[in-house]
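For reference, chains read A, B and C in written order, and residue numbers begin at 1 within each chain.
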Amino acid sequence: GYGRTGVQYYENTAADDADGLNESQIISRLRMNIDASTSTDQGIDFGARFRMQWDQNSGSRGRQAELNAGVIYITASGLTVSIGNVGNAYDDLSVVFGSELGSYDTSVGAVNGNIFAYNTGPYGSLTEASQNRSGVAAKYEIADFTVRASYIDPDQSGLDEFGAGEANEEEYALSVAYTWNDRLDLEAAYVTNGAGFEDNDIWYVGGRYAVMDNANVGVTYVSTDDYLNGTTDIEGGDTILLFGDYTLADGMTNIEAFVGNNNADGNETDNAFGVGVNYDLGGARLGASLQRDYDERVYADMGVRFDF
Amino acid sequence: GYGRTGVQYYENTAADDADGLNESQIISRLRMNIDASTSTDQGIDFGARFRMQWDQNSGSRGRQAELNAGVIYITASGLTVSIGNVGNAYDDLSVVFGSELGSYDTSVGAVNGNIFAYNTGPYGSLTEASQNRSGVAAKYEIADFTVRASYIDPDQSGLDEFGAGEANEEEYALSVAYTWNDRLDLEAAYVTNGAGFEDNDIWYVGGRYAVMDNANVGVTYVSTDDYLNGTTDIEGGDTILLFGDYTLADGMTNIEAFVGNNNADGNETDNAFGVGVNYDLGGARLGASLQRDYDERVYADMGVRFDF
Amino acid sequence: GYGRTGVQYYENTAADDADGLNESQIISRLRMNIDASTSTDQGIDFGARFRMQWDQNSGSRGRQAELNAGVIYITASGLTVSIGNVGNAYDDLSVVFGSELGSYDTSVGAVNGNIFAYNTGPYGSLTEASQNRSGVAAKYEIADFTVRASYIDPDQSGLDEFGAGEANEEEYALSVAYTWNDRLDLEAAYVTNGAGFEDNDIWYVGGRYAVMDNANVGVTYVSTDDYLNGTTDIEGGDTILLFGDYTLADGMTNIEAFVGNNNADGNETDNAFGVGVNYDLGGARLGASLQRDYDERVYADMGVRFDF
């Protein structure tokens, strides 16, 4: 797990100002993963995980740490099958998060779409019956390829009737990742019925290349379809992000930046950008970032994160 | 603790069909016991336990793992006294569960009655004040005998007034277990005011014998009294179960079966039966079972369980 | 953490008698602290804690163990900064609790005032938005002095509007502790806006001296101001406590006692007193106490506590 704390600033909207929202707040997180595993004589590995997490100011994990639903996995010969609170094949990729900056690993430029990811904290109360959510995921590693597939059903019981436009559907996701020579990462993914919403389909391709030992550049392209949430039309648009990072000669200071373009109709601007820096303390890191989003709101953070 | 997952099938009633309930569902559990203990210079052992458990589809533990109320125990000279969320003297026996089959350890033939057992997850909200539940249990081991007694009060404060027919009473349970030569297990138990309900008395006797090194047979008899839950008359009836298991020459495949008779008036049939199989993977086991209950509904499961 | 259990007796008021409250009840606690930490190459320590606790009969932690909000701390060169669910500079002192007796460490004579302490269990639901509570505390140790300061804001978001007389304010606390030669402890503290209530200011001074190797005497003085909680006037008054303890020649039996005076108007009597005893089992201790409070109600307890 890890702990992190620091200060986040997010420029208010006019509505936020009217509410008296403080733009700068202390935002902390404490995450502990609780793992258990065993191996059989035949070389099959069985494992399981709970997560215990507190998030300052979170509506669901702010008053206390919460446990989440468990996940059980079985690994043999490069194939891992997970059951329960599984990760999404698209969300488990890494280059797709390449534009994230600072100690909070935040990118206001990334518009990755609405999906069922591995759930930190209780399953959402989209219905009272969300205890019937069920997921199965598979990951297969062969040579330099990793293929992932996931299936998440918001209600396997068949008892829950959600209204029109609600999360009634079963989500499917598929992804492929390829690594060449530790220098090049290529990824692609497709999600249909993301987060259980009909028509919420997501396409993604991305790549990252180590141009030097201490410098990387990358690009991601995410295309999201419009869909109805209840009677509201949700439009994420298509997003292209360019990003890179460079480690200074001290070997500890890493400078990073991104520039993004998103074509959703509701945008104030179609361009977002950000710069960040991380300083490695050995076991912990200091970080900061300065970003501007598609609503032309400024975001900035500064903090520290340590892993244990 | 342990993890288990797989598929359970339970034949629908007509009402279930009308609701659209899926007969086959993925059912998983992840249990972690959190233990702490210490010993004094005089040889007294003090210990305590919490349990953290997630159960797929459970109404109370389905959306996330839940912690339960703690139990504290003190052991000296063969006597163990437990305080808090204690086990029931009857429920802590083992032969009474001898008819359970497969990786889910399920028997649709066993009708063991309604009691306050060791509580996984929060105490039930039978009243808002269920935090005042209090239990004390004792276990004494001498030679081949184990004597257990338990006392569980649903409200030690005296403040909670439940209606007529509600769980107002203090539950008492007593049991004796005897083991002869590692081949024969005999058990008997008595519970009065089970789960706090007046007149909910349970009698039990059971035995299991290892007829060969790789084969066991057993029999249990449970007699439950009728009682009122609110204004509803609850009838469990009397149940007799015959069961046995046989390990194949490979030493890893265990075949098991039971046949049961229950005389409750509401039964569709008075006979239930089931067959099961477990295959030992060394640290984990595969299992399956096929059973028919007193409503003539078919139950089947197939899954895997691993302990850690 | 630790476990403790036993019986507490508290003489009923007339209203308690009318409600049928039992005066003697089994009261147990099971506490487990979950710590994580790491150190950087520069010698900075990062750490974090969750607490998991069950309290028999507690309204908030009685039905099951609850997790609390996390705290993250950073230590370097004698300075520790904590963020999140931090301790209060006054509450983190030790002599102020010197009058506590028995295995339950209880003193009915101590009137320490209403503050935001380190929170076991979820933040109170004083508002729905209590997830926005935020704290920062610092501790600095130099030679024989320890200086502490804490700042706790019940709502850092600025969004929550509480009514007049509610916990709207930011609490500040400051304390100094001095130890001389391992024989003398001196402490002083000041809190303003305790627990977020305007005008709830607390002054404290205390000291404890080891008159012999096996005997201590101490005195504390706490002055609390009147304040409004909603429209109710809260008066804690000023309290002076004298206390001492003496270890018998067996080295295991510790006798302790206190006498206290409090000048609040609502008191039945201005004097409280108590005697207690603890017997060290090595890793556990048996304890008992007999006390009388400012309402002239008798309190008694007997129990066992073990640390792990």
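Structure notes:
As a working rule, a contact is a pair of C-beta atoms (placed from the backbone, for glycine too) under 8 Å apart; a residue touches a chain by one contact, two chains touch by 3 or more.
Since the structure is predicted, the reported quantities are computational estimates derived from the model, not experimental observations.
Residue numbering at the subunit A/subunit B interface overlaps only partly, since under half of the positions present are found in both copies.
Chains compared, subunit A against subunit C: the Cα-based superposition rotates one onto the other by 120 degrees, nearest 5.
Subunit A and subunit B have Cα centroids separated by 41 Å.
Touching of two or more other chains is recorded for residues 66-67 of subunit C.
Here subunit C touches subunit B in the complex through residues 1, 3-5, 19-22, 25-26, 28, 30, 32, 52, 54, 56-59, 61-67, 281-284, 304, 306-308, going by the rule given at the top. Taken together, the subunit C residues at the contact with subunit A in this complex read 34, 36-42, 44, 46, 48, 50, 66-72, 74, 83-84, 121-123, 125, 130-132, 134, 136, 156-159.
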